[in-house]
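Each in structure tokens, the structures are laid out below.
What follows is a pair of complexes built around chain A, which joins chain B in one and chain C in the other.
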Partner chain A sequence: MENLGIAFALLGAAFAAFMAGIGSAIGVGKSGEAAAGVLTEEPTLFSKVLILQLLPGTQGIYGLLIAFVCMSQIGVLGGDPNLSLAKGLLYFAACLPIGAVGLYSAISQGKASVASIGLLARRPDQFGKAMIIPVMVETYAILALLISILAISGIGGLAL
Partner chain B sequence: MAVVPMQRVTVLALRKDRKGILEALQRTGAVDVLDLPVSGDLFEKASMPESRASFKRSVAAAEQALNILNDYCDKDTNLFSSFAGRKPLSVNEYEIFIDERAEMMQSAYRILSMDKRISEIRSEIVKKQGEQAALRPWLSLPVSTDFSGTASTACFIGSAQGEIPLYEIAAQVEEKSGEKGTGVDISVISSSKAQTCIFAVFLKKDEKLYTSVFAELAFSPLSIRTSVPPGELILQYDKDIQNLEEEIAKISKEIRTYAGVRNAMRFMIDYYTMRDEKYEVIGKLLQSPHAFVLTGYLPSGGEEVLRHALRNYEAYLQFDAPDEEEDTPVLLKNNRFAEPVESVVESYALPAKGEIDPTSATACFYYFLFGLMLSDAGYGALMVLACGGALLKFKNMERSMKKSLKMFLYCGISTTFWGLMFGSFFGDVIQVVSRTFFGHEVALKPIWFEPVKDPMRMLMFAFAVGIVHIFTGLALKLYSAVKHQDYGTALYDVGFWYLLLVGLLILLCQSSLFADISGMTITFPALVSTLAAAMSAIGAVGILFTGGRESKNPVKRLLKGAYALYGVTSYLSDVLSYSRLLALGLATGIIATVVNQMGSMMGGGIAGAIIFIIIFVVGHSINFSINLLGAYVHTNRLQFAEFFGKFYEGGGRKFNPFGIHTKYYRIREDQ
Partner chain C sequence: MAKQEYIYGVARVRAKEMSLLNNQAVEQLIGAKEEDVFSLLADRGWERKETAEELLSAEREKMWKFIEEIVDDLSVFDVFLYKNDFHNLKAAIKMICGGVKRDRVFIDNGPKGRISPEKILQYCETLNFSSLPERMRTAAKKAYTVYLETSDSQLSDMLIDKAALEAILKAGEASSNQVIQDYAELLCATSNIKTALRCAALQKSLSLIREVLAPCKTLDVESLARGAASSVDAVYQYLEKTMYGQAADIARESFSAFERWCDDFLTEKIRFQKYQSFSIGPIAAYILAKENELKTVRVILLCKKNQIPEEKIRERVRAMYV
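What follows is the complex of A and B.
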């Protein structure tokens, strides 16, 4: 039972990585379909369309980031893996925001990206506006990332 | 740092000089021609849709020919061609090219027709291959497919679905034909899971009987009718396809001999684009039988250039200041530091009538915020090297390309600066390499502090940057209001807000909440606290009473004022939005650290070094490109949503002068 702490902490890290990763995969996939469609008509838009396609990809990176910080803090990547159950649960809780918000925001951002790619196909000169609309969604992933980072870096110093 | 003032120019000249004057104007590229409505009987407009359509067709033909040549021939451009800019062409060369335009267009159409022939042949090959595939099951049929029998025999050639063995077919035929049948000779030509093909011979008098028997057994007669046996026909088709392929090779070879005309094609594209642009302007002129009038906008100070360009023609030029409410086109002019960010402002919106040009302020914050988000000295140095190198190597670069490279150059400098401040150079590569390969750790000490170790401090710094950014936005609103002598707006929409926000900020800094979060305790003298409380109270009351000042109804006015006061929450969320500075900065640093750590997992030694280099290059390329994209889009977002939201609406029309907007060549004025 006393080893459950590390199990929960790693569960949290895995949750952050896979939830956010799934979201980004869905988002980038959706926008990729739209991007490929536009490119059949306008191959010259490749670089702009690629940027729009990649926008929902950042959540996966944020998930990876949290997973990595978490794993290095709990000692899975070398170090002392002795962790109390309470701390393990705290790490698990700290990983929840980026996992859950990453999943949903990446999917929604993917939808916004699809719409923006459609906009770009009709008005290639409006790239700035087309780009900023999906970026609005990402704010929430960043806020979740922020809470996850602050929480994880705070847990290390707690005497539990 | 400003919007260039515009003036209205009217050119009145004789119709015989129309071509010369328009070409001179096109070469100066200084006038945005207006499309004025016709008034009175004297003038009329002559739009020339047919000529313009024919120019567009020529452009399309030359473009297609160029694409075809690029498909068939070795590339004559490389990855860096887009940096090189348009080739200069002297007026003499230009005129020589023009004289040859008939031949050039002939080559273009010849290339197009050859390409068309190739696609026709290709579809013919596909058709033949399809027929071959249909005939393949009948390969061993000894007669032609339209064989109908001899003098006394008839035959049935057909197939049924599924694999049916011969004895089964024979038994079924016998059963169906009963006693009337005089015998039939069935041979299976081929059989597979999909179908069984048979050839049956019987006496002519039984033809009706056996045909209906086979129909009953679900055999359908072969629909391909040829006078040659299938085996021979397949061979014949093979030969045909080979011939067709040879023809394709011959035509491709001929197309390849045209490789040298690619530059001519590019010239044709440019030439007809220019003519189309000229004819578009002709459509906007007011013309009488002997004279014409051109009206347009010209940036102030351009009079001399225009007079000089038209010095050889009898033309009357008049310059007027535009009316107050006239919708003049917008041209931005900024110093070399701010100029690159003009395109960012433009991608949001150009300043509307009377608005100030936000480029300079935007530029300062743009470089600052971008550097703060990427914040790695190694990545910054890469940007500086790449952009600086390209700028030095390709002097002839297009203006827009030059602007974006300069923007990223400045952003790179800022990134390097912040990287050094936070002690990040490709993450912690110096520490990792020195530890893994040289045994003792050398650390790159941050000049300021390491955000990974002290994220709260970085968060406070990010909020402070946000407050400065937002207050600058308010200050620009104040500046704009004072400039227009709109002191009401200056006081009500800016002054009161400043009072409220500054007051609240001071109160917040002293609160225990702030002390808990930031770990800093700030205490002001009691007088300052009282003053802050008074300031925020005055601000809040002021906003409550003036926020809805355009409404006449006093109740409505107060309600609107209360709603305006509620807007203070939006300032809170705006400031919180700057937390992305911390999140993105940490993302760059931590992922870079992950890459370095993965690279060093194999330990020291030569094998370890090789693995390290591979992981380093791949990992950092990915991290660099993703975070470059992130820094770019989020800097834009902070500018557009948080900063511009405070003072800037935009909506101006871009100054779009009549000029030479070519893709490949730049006509150089020798004289």
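What follows is the complex of A and C.
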């Protein structure tokens, strides 16, 4: 029972990396299908299409970042891994925003990227507009990332 | 089960749509000389061919090869492919009962049907109708018997056409896609209207008209049949009460104007597919848009060959999808 704190904290880190990573894999996969379709007909659009395909990949990076910061704070990567149950649960809660929002926002951003790749295929000169549309979804992943970082940083100073 | 997505295929269609003829390109073709039409089309990626038929056939074949590349299972497009099977069935029955030569009567290139023409011919020759797909069996037997007993090839064709429409409508209803459903319903309704007008002009009996009209959702075929048995005007009067009221006014002008209205109506219905990215709809819309383009090029080439003035050609060309 005395090790439950570290167990919950690590579970939180795993959740952040796992969920955001799944979301990004689905999002990049969907936009990759669309990218391959357009490039079959129009190989000259490679650089523009690649940027649109990679947009849903950022959530996976955010999840990885939060998992890394969390593991470093709880002492898994070196230091003292002894955590109270309360602190462990707090770390777990701090990882939830980027895990859940990362999953859904990456999938949604993937869909928006697919639509934008279609737009680019019809109007290659409208790359700027085609990119802004899926980037809008990124806002919510960044907000979740911010909350997760602030919470993880704050938990360390609490006397629990 | 998760709904199947066609992301790769739709993306290829998006890029491919750019090579479809738009209204300006059609205007350019109308203004060109007959021989220049071939060159202008070649500049847009069409093959260089000697005759209009060769050109259109090659382009249709190319389109279906492209569709085969992007869609694993072509059965989703049964609504487009069934008509080729039934066309081949009509040809086979004419060959057997009417002694028509085999040369170029079958559709066996490009948009293939779901069963090979050779098999259709073989089953009809051996009177082995039960080996035909279920949707064709009854109509094949009936059309064959009618042709042999009455030598009325037109009635035989009409019976097969009705079976084709019923099969297309059933395939449309089985599809979850709105474009395919709309296409099947519209094709069935407009074919019924054309048949009713033809029967009215030829003063066919009510029982025969009932026999050749295929039931559909947007028309009451009984009322249409009664109208057709009465007069052409009675058909128009019935149509005015339906969603095809505008078509009745146009059909009064000319039959070709009515056919153009049917194509334009369908093009208008599929236009919103330009904004879809995941479903089969944009691919179905591309097939319809390409068929519409081929019809337009055929009209232009035919008119050019017969030295019809540009103004008259403009009246006959269809609205373009892109």
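Just so we're on the same page, the second predicted complex is superposed on the first by the 160 of 160 C-alpha atoms of A that agree within 3 Å, B and C clash if a C-alpha of one lies under 4 Å from a C-alpha of the other, contacts with A are read in each partner's own complex, and residues count from 1 in each chain.
We take it that a contact is a pair of C-beta atoms (placed from the backbone, for glycine too) under 8 Å apart; a residue touches a chain by one contact, two chains touch by 3 or more.
Since this is a predicted model, take the numbers as computed values, not measurements.
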- Could you check whether chain B and chain C clash or fit when both are placed on chain A? fit
- Query: Which angle, as a multiple of 10 degrees, do chain B and chain C span at the CA centre of chain A?
  - Reply: 50
- Item | Greater residue coverage of chain A in the superposed arrangement, chain B or chain C | B
- Task: Mind working out whether A:A7 is in touch with chain B, chain C, both or neither, as first, second, both or neither?
- Result: neither
- Query: Regarding the shared-chain residue A:A34, is it in contact with chain B (first), chain C (second), both, or neither?
  - Reply: second
- Scan A:L143 for contacts with chain B and chain C and give back first, second, both or neither. first
- Counting only touches as set out at the top, which of chain B and chain C does A:E42 meet: first, second, both, neither? second
- Query: Upon superposition of the two complexes, what minimum C-alpha distance (Å) separates chain B from chain C?
  - Reply: 5
- Okay, in this complex, where on chain B does chain A touch? 344, 346-348, 455-456, 459, 576-577, 579-580, 582-584, 586-587, 590-591, 594, 597, 626, 629-630, 633-634, 636-637, 640-641
- Which residues, counting only chain A, touch chain C once they are in their complex? 30, 33-38, 40-42, 111, 114-115, 117-118, 121-122
- Query: In their complex, what parts of chain C are in touch with chain A?
  - Reply: 5, 7-18, 70, 274, 277-278
- Item | Contacting residues of chain A [partner chain B, same complex] | 51, 54-55, 57-58, 61-62, 64-65, 68-69, 77, 126-129, 131-132, 135-136, 138-139, 142-143, 145-146, 149-150, 153
